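Encoded as C-alpha coordinates, here's the structure I'll be asking about.
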Amino acid sequence: MGELVRFGVAVDEELLEKFDKLTVARGYANRSEALRDLMRDALVQQQWQANEEVVGVVTLLYDHHARSLEAQLTDIQHKYHEQILSTMHIHLDHDNCLEIIAVRGTGRQIEELATKLIGMKGVRHGKLTATSTGRGLR
Amino acid sequence: MGELVRFGVAVDEELLEKFDKLTVARGYANRSEALRDLMRDALVQQQWQANEEVVGVVTLLYDHHARSLEAQLTDIQHKYHEQILSTMHIHLDHDNCLEIIAVRGTGRQIEELATKLIGMKGVRHGKLTATSTGRGLR
Amino acid sequence: MGELVRFGVAVDEELLEKFDKLTVARGYANRSEALRDLMRDALVQQQWQANEEVVGVVTLLYDHHARSLEAQLTDIQHKYHEQILSTMHIHLDHDNCLEIIAVRGTGRQIEELATKLIGMKGVRHGKLTATSTGRGLR
Amino acid sequence: MGELVRFGVAVDEELLEKFDKLTVARGYANRSEALRDLMRDALVQQQWQANEEVVGVVTLLYDHHARSLEAQLTDIQHKYHEQILSTMHIHLDHDNCLEIIAVRGTGRQIEELATKLIGMKGVRHGKLTATSTGRGLR
(Lines give C-alpha, C1' and ligand atoms only; values in the text may rest on other atoms or scores of the structure.)
Protein backbone atom coordinates (compact mmCIF):
# COMPACT_ATOMS: atom_id res chain seq x y z
CA MET A 1 0.00 0.00 0.00
CA GLY A 2 1.25 3.48 -0.82
CA GLU A 3 1.73 6.08 1.82
CA LEU A 4 -1.04 8.50 2.71
CA VAL A 5 -0.20 12.10 1.84
CA ARG A 6 -2.08 15.20 2.81
CA PHE A 7 -2.45 18.30 0.65
CA GLY A 8 -4.41 21.52 0.87
CA VAL A 9 -7.17 22.65 -1.47
CA ALA A 10 -8.35 26.25 -1.74
CA VAL A 11 -12.06 26.57 -2.40
CA ASP A 12 -14.66 29.30 -2.13
CA GLU A 13 -16.61 28.99 1.13
CA GLU A 14 -19.96 28.66 -0.61
CA LEU A 15 -18.80 25.91 -2.97
CA LEU A 16 -17.40 23.92 -0.06
CA GLU A 17 -20.61 24.29 1.93
CA LYS A 18 -22.73 23.01 -0.96
CA PHE A 19 -20.31 20.19 -1.64
CA ASP A 20 -20.39 19.11 1.99
CA LYS A 21 -24.18 18.87 1.87
CA LEU A 22 -23.91 16.72 -1.23
CA THR A 23 -21.40 14.34 0.37
CA VAL A 24 -23.71 13.85 3.35
CA ALA A 25 -26.68 13.23 1.05
CA ARG A 26 -24.69 10.61 -0.83
CA GLY A 27 -23.65 8.86 2.36
CA TYR A 28 -19.93 9.59 2.36
CA ALA A 29 -18.12 9.45 5.69
CA ASN A 30 -16.26 12.68 4.95
CA ARG A 31 -15.13 15.17 2.37
CA SER A 32 -11.83 13.43 1.58
CA GLU A 33 -13.63 10.19 0.78
CA ALA A 34 -15.96 12.01 -1.64
CA LEU A 35 -13.07 13.81 -3.31
CA ARG A 36 -11.06 10.62 -3.70
CA ASP A 37 -14.06 9.11 -5.47
CA LEU A 38 -14.22 11.99 -7.94
CA MET A 39 -10.47 11.72 -8.55
CA ARG A 40 -10.67 7.98 -9.19
CA ASP A 41 -13.62 8.39 -11.51
CA ALA A 42 -11.65 10.88 -13.62
CA LEU A 43 -8.71 8.45 -13.71
CA VAL A 44 -10.82 5.47 -14.76
CA GLN A 45 -12.21 7.47 -17.69
CA GLN A 46 -8.70 8.39 -18.74
CA GLN A 47 -7.42 4.79 -18.50
CA TRP A 48 -10.12 3.65 -20.93
CA GLN A 49 -9.39 6.47 -23.35
CA ALA A 50 -5.65 5.69 -23.24
CA ASN A 51 -6.26 1.99 -24.02
CA GLU A 52 -4.57 0.84 -20.78
CA GLU A 53 -5.38 -2.47 -19.13
CA VAL A 54 -8.80 -2.08 -17.56
CA VAL A 55 -11.61 -4.12 -16.03
CA GLY A 56 -15.15 -4.04 -17.36
CA VAL A 57 -18.55 -5.58 -16.85
CA VAL A 58 -20.74 -6.65 -19.77
CA THR A 59 -24.43 -6.86 -18.86
CA LEU A 60 -26.68 -8.80 -21.24
CA LEU A 61 -30.43 -9.28 -21.07
CA TYR A 62 -31.78 -11.95 -23.39
CA ASP A 63 -34.50 -14.44 -24.02
CA HIS A 64 -33.07 -17.92 -23.62
CA HIS A 65 -35.65 -19.17 -26.13
CA ALA A 66 -33.85 -17.26 -28.88
CA ARG A 67 -32.59 -19.96 -31.20
CA SER A 68 -28.97 -20.99 -30.58
CA LEU A 69 -28.22 -17.71 -28.80
CA GLU A 70 -26.83 -19.33 -25.66
CA ALA A 71 -24.50 -21.52 -27.69
CA GLN A 72 -23.29 -18.53 -29.68
CA LEU A 73 -22.71 -16.42 -26.57
CA THR A 74 -20.66 -19.25 -25.11
CA ASP A 75 -18.70 -19.56 -28.36
CA ILE A 76 -17.73 -15.90 -28.33
CA GLN A 77 -16.79 -16.07 -24.67
CA HIS A 78 -14.46 -18.98 -25.37
CA LYS A 79 -12.71 -17.05 -28.13
CA TYR A 80 -12.06 -14.30 -25.58
CA HIS A 81 -11.31 -16.62 -22.64
CA GLU A 82 -8.12 -14.69 -21.89
CA GLN A 83 -10.15 -11.54 -21.30
CA ILE A 84 -13.06 -13.12 -19.43
CA LEU A 85 -12.72 -13.42 -15.68
CA SER A 86 -16.06 -14.87 -14.70
CA THR A 87 -19.71 -15.01 -15.73
CA MET A 88 -22.85 -14.83 -13.57
CA HIS A 89 -26.19 -15.98 -14.93
CA ILE A 90 -29.59 -15.13 -13.44
CA HIS A 91 -32.98 -16.48 -14.52
CA LEU A 92 -35.19 -13.40 -14.25
CA ASP A 93 -38.41 -15.14 -15.24
CA HIS A 94 -39.68 -17.79 -17.62
CA ASP A 95 -38.16 -16.01 -20.64
CA ASN A 96 -35.57 -13.49 -19.57
CA CYS A 97 -31.96 -14.16 -18.59
CA LEU A 98 -29.50 -11.70 -17.14
CA GLU A 99 -25.88 -12.54 -17.92
CA ILE A 100 -23.12 -10.51 -16.31
CA ILE A 101 -19.59 -11.03 -17.60
CA ALA A 102 -16.54 -9.64 -15.81
CA VAL A 103 -13.73 -8.90 -18.29
CA ARG A 104 -10.13 -7.65 -18.22
CA GLY A 105 -7.93 -6.40 -21.06
CA THR A 106 -7.10 -3.26 -22.99
CA GLY A 107 -9.97 -0.82 -23.48
CA ARG A 108 -10.08 -1.68 -27.16
CA GLN A 109 -10.19 -5.48 -26.69
CA ILE A 110 -13.02 -5.16 -24.22
CA GLU A 111 -15.03 -2.79 -26.37
CA GLU A 112 -14.66 -5.20 -29.29
CA LEU A 113 -15.85 -8.14 -27.19
CA ALA A 114 -18.76 -6.15 -25.73
CA THR A 115 -19.86 -4.98 -29.19
CA LYS A 116 -19.96 -8.58 -30.42
CA LEU A 117 -21.97 -9.83 -27.47
CA ILE A 118 -24.43 -6.93 -27.36
CA GLY A 119 -24.98 -7.09 -31.13
CA MET A 120 -26.09 -10.76 -31.10
CA LYS A 121 -29.57 -11.44 -32.43
CA GLY A 122 -31.78 -12.15 -29.42
CA VAL A 123 -29.94 -9.91 -26.94
CA ARG A 124 -32.61 -7.46 -25.78
CA HIS A 125 -30.39 -5.04 -23.95
CA GLY A 126 -26.69 -4.80 -23.36
CA LYS A 127 -24.29 -2.46 -21.63
CA LEU A 128 -20.56 -2.21 -21.04
CA THR A 129 -19.54 -0.75 -17.67
CA ALA A 130 -16.02 0.61 -17.34
CA THR A 131 -13.99 0.20 -14.18
CA SER A 132 -10.33 -0.37 -13.42
CA THR A 133 -7.87 -3.04 -12.31
CA GLY A 134 -7.52 -0.97 -9.17
CA ARG A 135 -3.78 -0.37 -9.63
CA GLY A 136 -2.95 3.19 -8.69
CA LEU A 137 -6.50 3.94 -7.58
CA ARG A 138 -5.96 3.72 -3.84
CA MET B 1 -43.93 -14.59 -26.76
CA GLY B 2 -45.69 -11.78 -28.58
CA GLU B 3 -46.36 -11.91 -32.29
CA LEU B 4 -43.89 -10.42 -34.75
CA VAL B 5 -45.28 -7.44 -36.61
CA ARG B 6 -43.79 -5.66 -39.58
CA PHE B 7 -43.99 -1.95 -40.23
CA GLY B 8 -42.48 0.43 -42.74
CA VAL B 9 -40.06 3.27 -41.99
CA ALA B 10 -39.41 6.14 -44.38
CA VAL B 11 -35.81 7.36 -44.33
CA ASP B 12 -33.61 9.44 -46.56
CA GLU B 13 -31.43 7.22 -48.75
CA GLU B 14 -28.17 8.69 -47.46
CA LEU B 15 -29.09 8.25 -43.78
CA LEU B 16 -30.01 4.62 -44.40
CA GLU B 17 -26.78 3.94 -46.24
CA LYS B 18 -24.69 5.37 -43.39
CA PHE B 19 -26.72 3.54 -40.80
CA ASP B 20 -26.28 0.24 -42.64
CA LYS B 21 -22.50 0.70 -42.58
CA LEU B 22 -22.67 1.33 -38.85
CA THR B 23 -24.72 -1.81 -38.17
CA VAL B 24 -22.19 -3.91 -40.09
CA ALA B 25 -19.31 -2.32 -38.17
CA ARG B 26 -21.05 -3.13 -34.89
CA GLY B 27 -21.63 -6.73 -35.90
CA TYR B 28 -25.41 -6.74 -36.20
CA ALA B 29 -26.97 -9.44 -38.37
CA ASN B 30 -29.27 -6.93 -40.02
CA ARG B 31 -30.89 -3.52 -39.87
CA SER B 32 -33.97 -4.66 -37.93
CA GLU B 33 -31.81 -6.09 -35.18
CA ALA B 34 -29.90 -2.82 -34.85
CA LEU B 35 -33.12 -0.79 -34.79
CA ARG B 36 -34.71 -3.04 -32.17
CA ASP B 37 -31.64 -2.43 -30.00
CA LEU B 38 -32.03 1.34 -30.28
CA MET B 39 -35.74 1.05 -29.46
CA ARG B 40 -35.08 -1.08 -26.39
CA ASP B 41 -32.37 1.24 -25.18
CA ALA B 42 -34.79 4.19 -25.33
CA LEU B 43 -37.37 2.14 -23.41
CA VAL B 44 -34.94 1.09 -20.68
CA GLN B 45 -34.01 4.74 -20.09
CA GLN B 46 -37.67 5.65 -19.81
CA GLN B 47 -38.45 2.78 -17.36
CA TRP B 48 -35.74 4.09 -15.01
CA GLN B 49 -36.98 7.66 -15.25
CA ALA B 50 -40.57 6.53 -14.56
CA ASN B 51 -39.51 4.59 -11.44
CA GLU B 52 -40.84 1.29 -12.82
CA GLU B 53 -39.51 -2.09 -11.70
CA VAL B 54 -36.08 -2.46 -13.27
CA VAL B 55 -32.95 -4.56 -13.06
CA GLY B 56 -29.53 -3.09 -12.36
CA VAL B 57 -25.93 -4.08 -11.83
CA VAL B 58 -23.78 -2.47 -9.13
CA THR B 59 -20.05 -2.78 -9.83
CA LEU B 60 -17.70 -2.16 -6.91
CA LEU B 61 -13.92 -2.11 -6.90
CA TYR B 62 -12.35 -2.14 -3.46
CA ASP B 63 -9.36 -3.09 -1.41
CA HIS B 64 -10.29 -6.00 0.85
CA HIS B 65 -7.71 -4.75 3.36
CA ALA B 66 -9.90 -1.73 4.07
CA ARG B 67 -10.92 -2.16 7.68
CA SER B 68 -14.34 -3.80 8.14
CA LEU B 69 -15.40 -2.85 4.62
CA GLU B 70 -16.40 -6.37 3.63
CA ALA B 71 -18.52 -6.78 6.74
CA GLN B 72 -20.23 -3.45 6.10
CA LEU B 73 -20.91 -4.25 2.44
CA THR B 74 -22.48 -7.52 3.52
CA ASP B 75 -24.57 -5.72 6.14
CA ILE B 76 -26.01 -3.31 3.60
CA GLN B 77 -26.71 -6.12 1.18
CA HIS B 78 -28.66 -7.97 3.86
CA LYS B 79 -30.83 -4.92 4.55
CA TYR B 80 -31.70 -4.88 0.86
CA HIS B 81 -31.97 -8.65 0.44
CA GLU B 82 -35.33 -8.29 -1.28
CA GLN B 83 -33.70 -6.23 -4.02
CA ILE B 84 -30.50 -8.26 -4.38
CA LEU B 85 -30.60 -11.15 -6.82
CA SER B 86 -27.04 -12.40 -6.66
CA THR B 87 -23.45 -11.30 -6.05
CA MET B 88 -20.27 -12.28 -7.89
CA HIS B 89 -16.89 -11.67 -6.30
CA ILE B 90 -13.56 -11.68 -8.15
CA HIS B 91 -10.06 -11.41 -6.60
CA LEU B 92 -8.28 -9.17 -9.11
CA ASP B 93 -4.92 -9.24 -7.34
CA HIS B 94 -3.45 -9.26 -3.86
CA ASP B 95 -5.34 -6.10 -2.89
CA ASN B 96 -8.18 -5.42 -5.29
CA CYS B 97 -11.61 -7.05 -5.30
CA LEU B 98 -14.30 -6.69 -7.93
CA GLU B 99 -17.80 -7.22 -6.59
CA ILE B 100 -20.73 -7.29 -9.00
CA ILE B 101 -24.21 -7.21 -7.52
CA ALA B 102 -27.33 -7.90 -9.60
CA VAL B 103 -30.34 -6.02 -8.21
CA ARG B 104 -34.06 -5.70 -8.95
CA GLY B 105 -36.57 -3.12 -7.70
CA THR B 106 -37.91 0.33 -8.50
CA GLY B 107 -35.42 2.74 -10.03
CA ARG B 108 -35.40 4.75 -6.82
CA GLN B 109 -34.77 1.78 -4.48
CA ILE B 110 -31.87 0.65 -6.60
CA GLU B 111 -30.32 4.09 -6.86
CA GLU B 112 -30.53 4.41 -3.07
CA LEU B 113 -28.84 1.05 -2.55
CA ALA B 114 -26.14 1.80 -5.14
CA THR B 115 -25.40 5.20 -3.59
CA LYS B 116 -24.88 3.56 -0.18
CA LEU B 117 -22.56 0.87 -1.51
CA ILE B 118 -20.51 3.16 -3.75
CA GLY B 119 -20.12 5.76 -1.00
CA MET B 120 -18.56 3.33 1.49
CA LYS B 121 -15.09 4.24 2.73
CA GLY B 122 -12.66 1.94 0.93
CA VAL B 123 -14.63 1.52 -2.28
CA ARG B 124 -12.25 2.78 -4.96
CA HIS B 125 -14.66 2.88 -7.84
CA GLY B 126 -18.34 2.14 -8.22
CA LYS B 127 -20.93 2.24 -10.95
CA LEU B 128 -24.63 1.50 -11.35
CA THR B 129 -25.63 0.01 -14.71
CA ALA B 130 -29.28 0.25 -15.71
CA THR B 131 -31.05 -2.53 -17.55
CA SER B 132 -34.56 -3.96 -17.49
CA THR B 133 -36.59 -6.95 -16.26
CA GLY B 134 -37.01 -7.74 -19.93
CA ARG B 135 -40.82 -7.52 -19.84
CA GLY B 136 -42.05 -5.84 -22.98
CA LEU B 137 -38.58 -5.59 -24.47
CA ARG B 138 -38.83 -8.44 -26.98
CA MET C 1 -17.75 36.81 -3.67
CA GLY C 2 -17.42 34.32 -0.84
CA GLU C 3 -14.25 33.91 1.12
CA LEU C 4 -11.60 31.41 0.06
CA VAL C 5 -11.16 28.61 2.57
CA ARG C 6 -8.46 26.00 2.69
CA PHE C 7 -8.92 22.41 3.79
CA GLY C 8 -6.78 19.30 3.80
CA VAL C 9 -7.41 16.10 1.85
CA ALA C 10 -5.77 12.78 2.67
CA VAL C 11 -4.98 10.68 -0.37
CA ASP C 12 -2.78 7.72 -1.15
CA GLU C 13 0.50 8.84 -2.72
CA GLU C 14 -0.01 6.83 -5.88
CA LEU C 15 -3.52 8.15 -6.51
CA LEU C 16 -2.32 11.72 -6.10
CA GLU C 17 0.60 11.17 -8.48
CA LYS C 18 -1.70 9.79 -11.19
CA PHE C 19 -4.23 12.53 -10.64
CA ASP C 20 -1.55 15.19 -10.97
CA LYS C 21 -0.49 13.76 -14.33
CA LEU C 22 -4.10 13.89 -15.46
CA THR C 23 -4.54 17.53 -14.44
CA VAL C 24 -1.44 18.49 -16.40
CA ALA C 25 -2.66 16.57 -19.46
CA ARG C 26 -6.00 18.38 -19.26
CA GLY C 27 -4.32 21.77 -19.03
CA TYR C 28 -5.26 22.75 -15.47
CA ALA C 29 -3.09 25.33 -13.74
CA ASN C 30 -3.00 23.27 -10.55
CA ARG C 31 -4.56 20.51 -8.51
CA SER C 32 -7.04 22.75 -6.66
CA GLU C 33 -8.45 24.01 -9.93
CA ALA C 34 -8.99 20.46 -11.18
CA LEU C 35 -10.63 19.42 -7.91
CA ARG C 36 -12.94 22.44 -7.89
CA ASP C 37 -14.06 21.43 -11.37
CA LEU C 38 -14.93 17.91 -10.22
CA MET C 39 -16.80 19.32 -7.21
CA ARG C 40 -18.81 21.72 -9.36
CA ASP C 41 -19.65 19.02 -11.85
CA ALA C 42 -21.07 16.85 -9.05
CA LEU C 43 -23.11 19.83 -7.81
CA VAL C 44 -24.52 20.65 -11.23
CA GLN C 45 -25.72 17.06 -11.63
CA GLN C 46 -27.41 17.22 -8.27
CA GLN C 47 -29.12 20.58 -9.00
CA TRP C 48 -30.74 19.07 -12.09
CA GLN C 49 -31.87 15.96 -10.22
CA ALA C 50 -33.34 18.12 -7.43
CA ASN C 51 -35.34 20.24 -9.94
CA GLU C 52 -33.65 23.47 -8.80
CA GLU C 53 -33.33 26.51 -11.06
CA VAL C 54 -30.69 25.68 -13.64
CA VAL C 55 -29.30 26.87 -16.94
CA GLY C 56 -29.23 24.68 -20.04
CA VAL C 57 -28.27 24.77 -23.69
CA VAL C 58 -30.45 23.16 -26.37
CA THR C 59 -28.53 22.33 -29.54
CA LEU C 60 -30.59 21.64 -32.67
CA LEU C 61 -29.38 20.60 -36.09
CA TYR C 62 -32.00 20.84 -38.82
CA ASP C 63 -32.63 21.31 -42.50
CA HIS C 64 -34.21 24.72 -43.04
CA HIS C 65 -35.98 23.31 -46.10
CA ALA C 66 -38.13 21.16 -43.81
CA ARG C 67 -41.63 22.50 -44.34
CA SER C 68 -42.74 25.03 -41.71
CA LEU C 69 -40.13 23.78 -39.23
CA GLU C 70 -38.62 27.20 -38.60
CA ALA C 71 -42.02 28.72 -37.91
CA GLN C 72 -42.87 25.90 -35.52
CA LEU C 73 -39.57 26.17 -33.66
CA THR C 74 -40.20 29.90 -33.24
CA ASP C 75 -43.74 29.19 -32.02
CA ILE C 76 -42.54 26.84 -29.31
CA GLN C 77 -39.81 29.25 -28.26
CA HIS C 78 -42.40 32.01 -27.84
CA LYS C 79 -44.52 29.80 -25.60
CA TYR C 80 -41.46 29.34 -23.41
CA HIS C 81 -40.17 32.91 -23.69
CA GLU C 82 -39.80 33.13 -19.91
CA GLN C 83 -37.32 30.27 -19.98
CA ILE C 84 -35.42 31.27 -23.12
CA LEU C 85 -32.48 33.61 -22.64
CA SER C 86 -31.12 33.87 -26.17
CA THR C 87 -30.82 31.99 -29.43
CA MET C 88 -27.86 31.73 -31.81
CA HIS C 89 -28.36 30.56 -35.37
CA ILE C 90 -25.61 29.33 -37.72
CA HIS C 91 -25.96 28.42 -41.40
CA LEU C 92 -23.69 25.38 -41.68
CA ASP C 93 -24.18 24.86 -45.40
CA HIS C 94 -26.85 25.11 -48.06
CA ASP C 95 -29.18 22.82 -46.12
CA ASN C 96 -28.10 22.51 -42.51
CA CYS C 97 -28.78 24.97 -39.69
CA LEU C 98 -27.35 24.85 -36.20
CA GLU C 99 -29.58 26.52 -33.62
CA ILE C 100 -28.31 26.94 -30.07
CA ILE C 101 -30.80 28.05 -27.44
CA ALA C 102 -29.74 29.17 -23.97
CA VAL C 103 -32.47 28.43 -21.40
CA ARG C 104 -33.09 28.95 -17.70
CA GLY C 105 -35.73 27.42 -15.42
CA THR C 106 -36.33 24.37 -13.28
CA GLY C 107 -34.81 21.14 -14.51
CA ARG C 108 -38.24 19.82 -15.38
CA GLN C 109 -39.37 22.89 -17.38
CA ILE C 110 -36.21 22.80 -19.42
CA GLU C 111 -36.38 19.09 -20.09
CA GLU C 112 -39.98 19.53 -21.28
CA LEU C 113 -38.99 22.35 -23.62
CA ALA C 114 -35.98 20.47 -24.95
CA THR C 115 -38.05 17.34 -25.59
CA LYS C 116 -40.54 19.36 -27.64
CA LEU C 117 -37.87 21.05 -29.73
CA ILE C 118 -35.78 17.93 -30.34
CA GLY C 119 -38.83 15.86 -31.24
CA MET C 120 -39.94 18.22 -34.06
CA LYS C 121 -40.18 16.65 -37.51
CA GLY C 122 -37.16 17.87 -39.46
CA VAL C 123 -34.77 18.21 -36.53
CA ARG C 124 -31.90 15.88 -37.45
CA HIS C 125 -30.09 15.90 -34.15
CA GLY C 126 -30.73 17.52 -30.81
CA LYS C 127 -29.13 17.60 -27.39
CA LEU C 128 -29.76 19.21 -24.03
CA THR C 129 -26.64 20.28 -22.11
CA ALA C 130 -26.98 20.86 -18.39
CA THR C 131 -25.16 23.63 -16.59
CA SER C 132 -25.97 25.93 -13.70
CA THR C 133 -26.95 29.51 -12.88
CA GLY C 134 -23.55 29.74 -11.23
CA ARG C 135 -24.92 30.53 -7.78
CA GLY C 136 -22.90 28.71 -5.18
CA LEU C 137 -20.50 27.28 -7.73
CA ARG C 138 -17.55 29.55 -7.08
CA MET D 1 -31.66 16.20 -50.90
CA GLY D 2 -31.46 12.41 -51.15
CA GLU D 3 -34.43 10.32 -52.08
CA LEU D 4 -36.76 8.94 -49.44
CA VAL D 5 -36.65 5.17 -49.23
CA ARG D 6 -38.97 2.88 -47.34
CA PHE D 7 -37.96 -0.33 -45.64
CA GLY D 8 -39.65 -2.83 -43.37
CA VAL D 9 -38.70 -3.59 -39.76
CA ALA D 10 -39.81 -6.74 -37.96
CA VAL D 11 -40.50 -6.18 -34.27
CA ASP D 12 -42.33 -8.04 -31.53
CA GLU D 13 -45.84 -6.64 -31.05
CA GLU D 14 -45.25 -5.75 -27.39
CA LEU D 15 -41.99 -3.87 -28.06
CA LEU D 16 -43.66 -1.85 -30.79
CA GLU D 17 -46.62 -0.98 -28.56
CA LYS D 18 -44.34 0.27 -25.78
CA PHE D 19 -42.16 2.17 -28.22
CA ASP D 20 -45.22 3.87 -29.73
CA LYS D 21 -46.27 5.08 -26.27
CA LEU D 22 -42.80 6.47 -25.74
CA THR D 23 -42.80 8.36 -29.06
CA VAL D 24 -46.13 9.96 -28.16
CA ALA D 25 -44.84 10.94 -24.71
CA ARG D 26 -41.79 12.53 -26.30
CA GLY D 27 -43.91 14.50 -28.75
CA TYR D 28 -42.87 12.82 -32.00
CA ALA D 29 -45.26 13.11 -34.93
CA ASN D 30 -44.86 9.43 -35.75
CA ARG D 31 -42.79 6.29 -35.33
CA SER D 32 -40.55 6.92 -38.35
CA GLU D 33 -39.53 10.30 -36.99
CA ALA D 34 -38.58 8.77 -33.63
CA LEU D 35 -36.60 5.99 -35.31
CA ARG D 36 -34.75 8.40 -37.56
CA ASP D 37 -33.72 10.30 -34.44
CA LEU D 38 -32.29 7.17 -32.83
CA MET D 39 -30.45 6.32 -36.06
CA ARG D 40 -28.94 9.79 -36.32
CA ASP D 41 -27.88 9.76 -32.70
CA ALA D 42 -26.00 6.49 -33.23
CA LEU D 43 -24.31 8.00 -36.31
CA VAL D 44 -23.25 11.18 -34.54
CA GLN D 45 -21.59 9.13 -31.79
CA GLN D 46 -19.73 7.13 -34.41
CA GLN D 47 -18.57 10.24 -36.34
CA TRP D 48 -16.95 11.58 -33.17
CA GLN D 49 -15.26 8.27 -32.39
CA ALA D 50 -13.94 8.06 -35.97
CA ASN D 51 -12.45 11.58 -35.81
CA GLU D 52 -14.53 12.80 -38.78
CA GLU D 53 -15.41 16.45 -39.30
CA VAL D 54 -18.06 17.28 -36.72
CA VAL D 55 -19.80 20.23 -35.10
CA GLY D 56 -19.76 20.86 -31.38
CA VAL D 57 -20.93 23.32 -28.77
CA VAL D 58 -18.70 24.38 -25.87
CA THR D 59 -20.67 25.73 -22.90
CA LEU D 60 -18.73 27.74 -20.33
CA LEU D 61 -19.97 29.21 -17.09
CA TYR D 62 -17.58 31.67 -15.47
CA ASP D 63 -17.23 34.68 -13.22
CA HIS D 64 -16.22 37.68 -15.29
CA HIS D 65 -14.44 39.07 -12.23
CA ALA D 66 -11.86 36.29 -12.49
CA ARG D 67 -8.64 38.11 -13.26
CA SER D 68 -7.76 38.20 -16.97
CA LEU D 69 -10.00 35.23 -17.72
CA GLU D 70 -11.97 36.97 -20.45
CA ALA D 71 -8.80 38.06 -22.20
CA GLN D 72 -7.40 34.53 -22.02
CA LEU D 73 -10.59 32.95 -23.33
CA THR D 74 -10.51 35.35 -26.26
CA ASP D 75 -6.85 34.53 -26.88
CA ILE D 76 -7.51 30.81 -27.09
CA GLN D 77 -10.49 31.38 -29.35
CA HIS D 78 -8.34 33.39 -31.73
CA LYS D 79 -5.79 30.61 -31.93
CA TYR D 80 -8.60 28.29 -32.98
CA HIS D 81 -10.40 30.79 -35.18
CA GLU D 82 -10.58 28.26 -38.02
CA GLN D 83 -12.59 25.93 -35.80
CA ILE D 84 -14.81 28.53 -34.15
CA LEU D 85 -18.03 29.40 -35.95
CA SER D 86 -19.61 31.84 -33.53
CA THR D 87 -19.83 32.76 -29.87
CA MET D 88 -22.86 33.80 -27.81
CA HIS D 89 -22.41 35.53 -24.48
CA ILE D 90 -25.08 35.91 -21.79
CA HIS D 91 -24.83 37.91 -18.55
CA LEU D 92 -26.62 35.63 -16.09
CA ASP D 93 -26.29 37.94 -13.11
CA HIS D 94 -23.84 40.36 -11.54
CA ASP D 95 -21.08 37.74 -11.46
CA ASN D 96 -21.89 34.85 -13.75
CA CYS D 97 -21.43 34.70 -17.51
CA LEU D 98 -22.59 31.98 -19.84
CA GLU D 99 -20.50 31.68 -22.99
CA ILE D 100 -21.60 29.29 -25.73
CA ILE D 101 -19.15 28.61 -28.54
CA ALA D 102 -20.14 26.80 -31.73
CA VAL D 103 -17.19 24.91 -33.21
CA ARG D 104 -16.42 22.78 -36.26
CA GLY D 105 -13.45 20.51 -36.97
CA THR D 106 -12.27 16.95 -36.40
CA GLY D 107 -13.39 15.34 -33.18
CA ARG D 108 -9.85 15.51 -31.85
CA GLN D 109 -9.31 19.23 -32.63
CA ILE D 110 -12.55 20.13 -30.94
CA GLU D 111 -11.87 18.03 -27.86
CA GLU D 112 -8.47 19.69 -27.55
CA LEU D 113 -9.99 23.16 -27.79
CA ALA D 114 -12.77 22.32 -25.34
CA THR D 115 -10.29 20.88 -22.82
CA LYS D 116 -8.26 24.10 -22.92
CA LEU D 117 -11.27 26.35 -22.43
CA ILE D 118 -12.92 24.26 -19.71
CA GLY D 119 -9.65 23.90 -17.80
CA MET D 120 -9.06 27.68 -17.51
CA LYS D 121 -8.79 29.02 -13.98
CA GLY D 122 -12.07 30.79 -13.23
CA VAL D 123 -14.30 28.64 -15.41
CA ARG D 124 -16.86 27.25 -12.97
CA HIS D 125 -18.46 24.69 -15.22
CA GLY D 126 -17.85 23.57 -18.78
CA LYS D 127 -19.26 21.02 -21.17
CA LEU D 128 -18.65 19.90 -24.74
CA THR D 129 -21.78 18.85 -26.65
CA ALA D 130 -21.31 16.69 -29.74
CA THR D 131 -23.40 17.11 -32.84
CA SER D 132 -22.76 16.81 -36.56
CA THR D 133 -22.26 18.89 -39.70
CA GLY D 134 -25.55 17.41 -40.83
CA ARG D 135 -24.09 15.78 -43.94
CA GLY D 136 -25.61 12.37 -44.40
CA LEU D 137 -27.96 12.79 -41.46
CA ARG D 138 -31.14 13.54 -43.36
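Going in written order, the chains are labelled A, B, C and D, and every chain counts its residues from 1.
Going forward, a contact is a pair of C-beta atoms (placed from the backbone, for glycine too) under 8 Å apart; a residue touches a chain by one contact, two chains touch by 3 or more.
Computed from a predicted model, the values in this text were never measured in an experiment.
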| item | value |
| --- | --- |
| Chain D and chain B - chains in contact with each | none |
| Copy pair chain C, chain D: interface residue numbering same or different (half cut) | same |
| Gap in Å, rounded to a whole number, between the CA centres of chain C and chain B | 25 |
| Centroid spacing, where centroids are CA-atom means, of chain A and chain B in whole angstrom | 10 |
| Residue list for chain A, restricted to those that touch at least two other chains | 1, 40-41, 137-138 |
| Graph class of chain-chain contacts, one of line, ring, star, complete, other | ring |
| Touch relationships between chains, expressed as pairs | A-B, A-C, B-D, C-D |
| Parts of chain C lying in touch with chain A, wherever the complex brings them together | 1-19, 22, 25, 31-32, 35-36, 38-43, 46, 136-138 |
| Chain B to chain A touching residues, read off their complex | 1, 26-29, 33-34, 37, 40-41, 44, 55, 57, 59, 61, 63, 65, 85-86, 88, 90, 92-93, 95-96, 98, 100, 102, 104, 115-116, 118-121, 123-127, 129-135, 137-138 |
